[in-house]
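What follows is a pair of complexes built around chain A, which joins chain B in one and chain C in the other.
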Partner chain A sequence: MTLADLFSIMPIVITAGAALLVLLTGPLLQAGSSCAIAVAASLAAGLWAASASPANAPVLPGLAFTPLAHFLIPIFCLAAALTLLLSHGYNQRRAIKGEEYPATVLFALFAMCVLPCAGNLLILFLALESIAFAFYILVSIDLNRAESGEAGLKYLLMGAVAAAFIAFGFSLIFAGSGTLALSAALAAPGNRAIVSAGWGLVVIGLAFKLSLVPAHLWTPDVYQGAPAPVAAFLSTISKVAAAAALLMLLAFAPPLSEMRAPLYLLSLFSMVIGNLAALLQKNIKRMLAYSSIAHMGYLTLALLTGSKEGYAAVLLYGAIYTAMNLAAFGAIAALSAAEERQLIADYSGVGFSAPFRGGVLALSMLALAGVPPTAGFIGKFFIFYAAIRGGQTALAVVGMVSAAASAYFYLKVVVHLYMHRPVASSPQNAHPAETAALCCASAAIVVIGVYPAPLMRLVDVVLR
Partner chain B sequence: MEAILFYLLAAVTLIGTLCAITARQAVRAIVYLVTSFFALALIFYLLGAPLVAAFEVIIYAGAIMVLFLFVIMMLELAHPEKLAKPRLSEWWPALILMLVVIGSVAVLAAARQPAPPAAFHGITVREFSVTLFKRYGVAVEVISMQLLFALVGALYLGRRR
Partner chain C sequence: MTFDFPILTLLILLPLCGSLLTLACRRSDLAARRVALFFALAELAVCAWICLASLPAAPAGAPAGFFLFEDAAWIERFGIRYTLGMDGVSLIMVFLTAFISAIAAVVSWKGITERIPLYFALLLALEAGIQGVFLSLDLFLFYLFWEAMLIPMFFLIGIWGHGRRIYSAVKFFLYTFFGSLLMLVAIISLYLMHGAQSGSYTFALGQLIHTSVPYGIGLWLYAAFLFAFAIKFPLFPLHTWLPDAHTDAPTAGSVILASLLLKTGAYALIRFGYPLFPEAARAFTPLLYVSAVIGISYGAWVAFAQEDMKRLVAYSSVSHMGFVALGIAAWSPVALSGALLQMVNHGVTTGALFALVGMLDERTHSRELATYGGVWGKAPVLAFFFLLFCMASAGVPGLNNFVGEFLVLVGTFRVSPAAAAGAFLGIVLTLVYTVRLVQEILFGKEKKPLALADLTLREGGILAVLAVVDVYLGVHPGPLLELMKTPIALLTGGK
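Let's turn to the complex of A and B:
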């Protein structure tokens, strides 16, 4: 290993080192300084990854700084930095203390940096599990509320089952092909039946992580119980990471013919049931949870096509979805006092009493609904375009109809924000860090919506 | 011979694990699981990985399961039943097992030179370590970070409030 090799995996080294540094210096520093170190480290890792040049040759056995890593790591790092900024004020209001919070966020980021670099099934599995591990801690980080602990326990139990599925699936693929390498395991399936069985288990395990419909039951409870900034991080980056893992597995070969039916059904049920269940929700975080189930259904639709256009749509949508959900959950976090505003009705009139944060919430709702000038429209457009080009017209029509129906519950929030009289007391002033994070997220929504060409060029480079 | 042994061990592993997940008492489940770990260790040995077999016994069956037992006993979740003193007729399984153990020791002592089959190629500790820390070195590092944060999380969540 040379110095150049070390430089190309520098994001991993920076995040791991910073996580340890925050843990070690935490007792000596104030909460603000730990958080500042964490934000600086994640931004540094992101900048490094964005400026380094990717190469497909492995740096260490099983670790390569691929073009996919070059695209995804900066997004992960930016999202982690925004989450840390959002949670600073929130944690102060909710008396969540300790250096464990920023350190665990950095650990999650470390695992996310490892994931797109993984060159074999073992490291892919470990990275996925490390991300889940970090979230078990982060979801239950609020010791003062029983719901937080309950959500953490539910996530842990479901996550352990999912991990068992994925591990069993990977070991069956290994048994069938005799190698752990990503490329060799999939290009030449020596023992088709065993490899397909392994694939089935891996897909159902990843469906847990992506919260696709038969495996979605944990999602609303966990989002509702988790602190809002953690829910922002969980709903965006862990989903994008799981989708990236599926993409890495699928990218070496078009989906096996046995895979079409399961992916088709997962996508169909997620889109329909996610959107229908969201229509009935009164709690805003549960509504967003069901909406994320539906959005993951759209992602699966694009994966199903097995074409380059479909994979490009997945990456594009991953980036856009991250910005949208960070803004939505970020606004919820910034509008919360010692208690969160649980119900959609609690947001009545907030658009006038807190114009900036209410505006960001409204913008993110419009983006999630897919209204044109926002990025949400671009993302949905490319997914349905790729699906129709890939021959999945029926599913694409179902997706479009359910997306149209979903506008009802997104716009209901906007109506409450601007067309109802305030019922609760007006929110306290926002922390400057929260304002900065919300500015970044909403700027991303608008800029990608108006001028998506640079992002699309980056996606093109990844898939070349 | 190896095939018969393998299927016997595989059956013991599977039945032990099934009993472990269906047992109603935690202590019984652990004992079943230990049984299945021992059988699994022998399967590893048959595959030519004596080091992994030793780890399986020392770490899984030994350390982790004993830790589990301690925790369950300390939390007093098991509610042990009061057993009557075993009758004379209940001693015979123990006697048979004793005979088997003495017989095996005698056979081992009689056959001085343990002659491994020609095809048997065990993996040495050196080969194992080189593979573990060279080819899978990254995985070891990722796991060590994960274990560290498991510890951090456990300490944080277990903090008195």
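Let's turn to the complex of A and C:
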């Protein structure tokens, strides 16, 4: 391995090193300093990845700084930095102490940086499970609240099953094709049945990670119990990472014709059931959980076209969805006191008592509903465009109709923010770090919504 | 002379900047009002300048009939361009928008007492969105503005409305949002079809009209467009959001809804629906006739039964917009110019009626017909304007609505005598509810003792300006008809 090779995987090194550094120096430093180191490390890793030039040649066995990594790692790093900024004030108010929080976030980020670089199934599996492992800790990190531990346990139990599915699937693919390399995972014709069975299991496992119906049942409970910044992190880039894994698997080898029917059903049920269930929710985090199920349904819709346009839509939507959900959960975190505002009704009048944070929450809701000129509209447009172009017009129409219905529950939050009399006390002042993070997320929503051309160019470079 | 200044962009950016500046006036409500009014008037001044300036006939690259045109790359990946254009029809609608928005700002000068900067900021943002709809020539851009203008209106109804304001605001938003999403599917399908045929993927209206759409598919696509436009219009039986939204909106909100938002549906049908799918549009013409004729009579019939003045005027809108639909369905030059004229007339007259109802409401806090009586004796100036606008609304000759309705009926009669005859029945019904309104409010005995002051200078000014426009368009609609002559000839193919 040469120095140049090391440079190209530097983001992985930086995040891993910083995670250890924070863990080691944590007891000596104040909480603010640990957090600052973590933020600086994630930003540095992101900047490095953005400025390095990608190459498909492996640096280490099964590890290459691919164009996909070049696109995704900066997004992961930025999202992790925003999560850390959002959690600092939140953790102080909730009395969540200790350097293990920033260290675990960095560890999750490390695994996420590895994922798009993976060149073989084993690395991919390790990356996926390391992400999940970090999230088991993060979800249950609030030791003072039972629901946090409950959510963590639920996530762990379901996650273990999913991991088993993926591991078994990968081993079947290995048995059928004789190699773990992603680029060579095409089956010899004779062993096609085994490989297809392996694919089926992997899709089930990844459906769990993406929380697609019917593997979605953990999502509302985990989002509800997890601290809001963790839910922000979990609902955005862990989803994007899982989608990227699916994308890598589909893009390289697979018999997509066999995968189309299950993906079709997963997408259909996720869009319809996710949006319908969200209509009934009174708790804002549960509502967002069902909303994320529906959004993953849209993503799957673009994935199953198996076209370049579809994959481009997935990547673009991943980036946009990250910004939208970070803003939504970020605003919830920033508006919380020692306890979070659980119900949608708790946000009554907040749009006027906390104009900035309320405004960000409203903006993110409108973006999730797909109202122009927000980024959410551009994302939806791209998804449905790719779906219609890929011949999935019927499913696209179902998606559109369910998206129209979804406007109702997003609007419900906006209605409470601005049109109801306040019921709870006014929120306290926000921590400057929270304000900065919310500024970044909402600026991304607006800028991508008005001028998405540069981001689209980046996406196209990845898929060239 | 080449004319390079992006004046159409200015028309959109001016209210948008005004909106942001108004929002910044958090300390002083008066400053917010003044800034908002300044920008509304500046917009009006720009429109007036466009009318008066002698612009070169056709800028480079513009489609025929357009005298102002701007075009820039926006999202190259999809061939989406930032294309704005103005022909006679757009100019009329843009002018109407600037005029009514300025009126709306003055109307809400006193009536709005809470969160004033936000209110005026939303008013201006709404204006920017509507101007965008009237100017876009790229289907993607059009869709963007079409949806974006929902947000300010949603807030205006939901925050400053009365009664079941939240229910009405959400109903308004969902209705329109749902219709539009299906239109988005149709837009994308058309885009892909055109791209596959010609190899150039674009959302430009000028190119998409050359797509050869198979008849069966064209019907579906046109249906999606028509559905979205018919909701905004609103055509019977998709009108049910309108009475709620109009009744519960603040006065200026009702004025803008009636005068401008409904017009976007009609305008879009003329600008996009018919040119894109001429065959399918012809196939749907009988449906449009039926819907228009039922709308005219049904709106008038239901208006007659209302006890709430605002609701009454709202249903009268359904009836009047039926005439616009009738004129579009006939699609002959005379009927179409009648429809466009009727759009302006309805905008001015119904806007004035909503403003009047708002003024009465501010004085007595009641919109029930049963409360009023004998207003003529107590507030003669107010009563005079009320009578004038009611007469205009009923289509009395010499006032503006008469000209529009007349042209629509004449134009339609040549194409479809049955539809014209049906619509004529509707006019009779219009008289019935108008007479009832005038009789119960202005004349008769006072039912309850009301402290009813006459108009203030501000209110009198608003109504006087609107009345002058009403009379002027009633006796001299020539300039307007002249403006729309070329575009209509191009649209109807000189039929």
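Everything below uses one rule, namely that the second predicted complex is superposed on the first by the 457 of 464 C-alpha atoms of A that agree within 3 Å, B and C clash if a C-alpha of one lies under 4 Å from a C-alpha of the other, contacts with A are read in each partner's own complex, and residues count from 1 in each chain.
The rule is simple: a residue touches a chain if its C-beta (ideal position, glycine included) is under 8 Å from a C-beta of that chain, and two chains touch if they have at least 3 such contacts.
Here the structure is a predicted model, which is why all the values come from computation and not from measurement.
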Applying the document's definition of touch, where does A:90 land relative to chain B and chain C: first, second, both, or neither? neither
Which of the two partners, first being chain B and second being chain C, lies in contact with A:144: first, second, both, or neither?
first
Contacts of A:136 with chain B and chain C, given as first, second, both or neither
first
Message = If we overlay the two complexes on their shared chain A, which of chain B and chain C does A:65 touch? Say first, second, both or neither.
response = neither
**Asked** So, A:98: does it touch chain B (first), chain C (second), both, or neither?
**Response** first
Subject >> Which superposed partner A:347 touches (first chain B, second chain C, both, neither) >> reply: neither
So, in the complex, the side of chain C touching chain A is made of residues 74-78, 115, 140, 143-144, 147-148, 150-151, 154-155, 158-159, 165-166, 169-170, 173-174, 177-178, 181-182, 184-185, 188-189, 191-192
So, in the complex, the side of chain B touching chain A is made of residues 134-139, 142-143, 145-146, 149-150, 152-153, 156-157, 159, 161
Within the complex, chain B is touched by chain A residues 16, 19, 23, 60-63, 98, 100, 103-104, 107, 110-111, 114, 122-123, 126-127, 129-130, 133-134, 136-137, 140-141, 143-144, 149, 152
Touching chain C in the complex, chain A uses residues 352, 366, 369, 371-373, 377, 381, 384-385, 388-389, 393, 396-397, 400-401, 403-404, 407-408, 411, 415, 418-420, 451-453, 456-457, 460
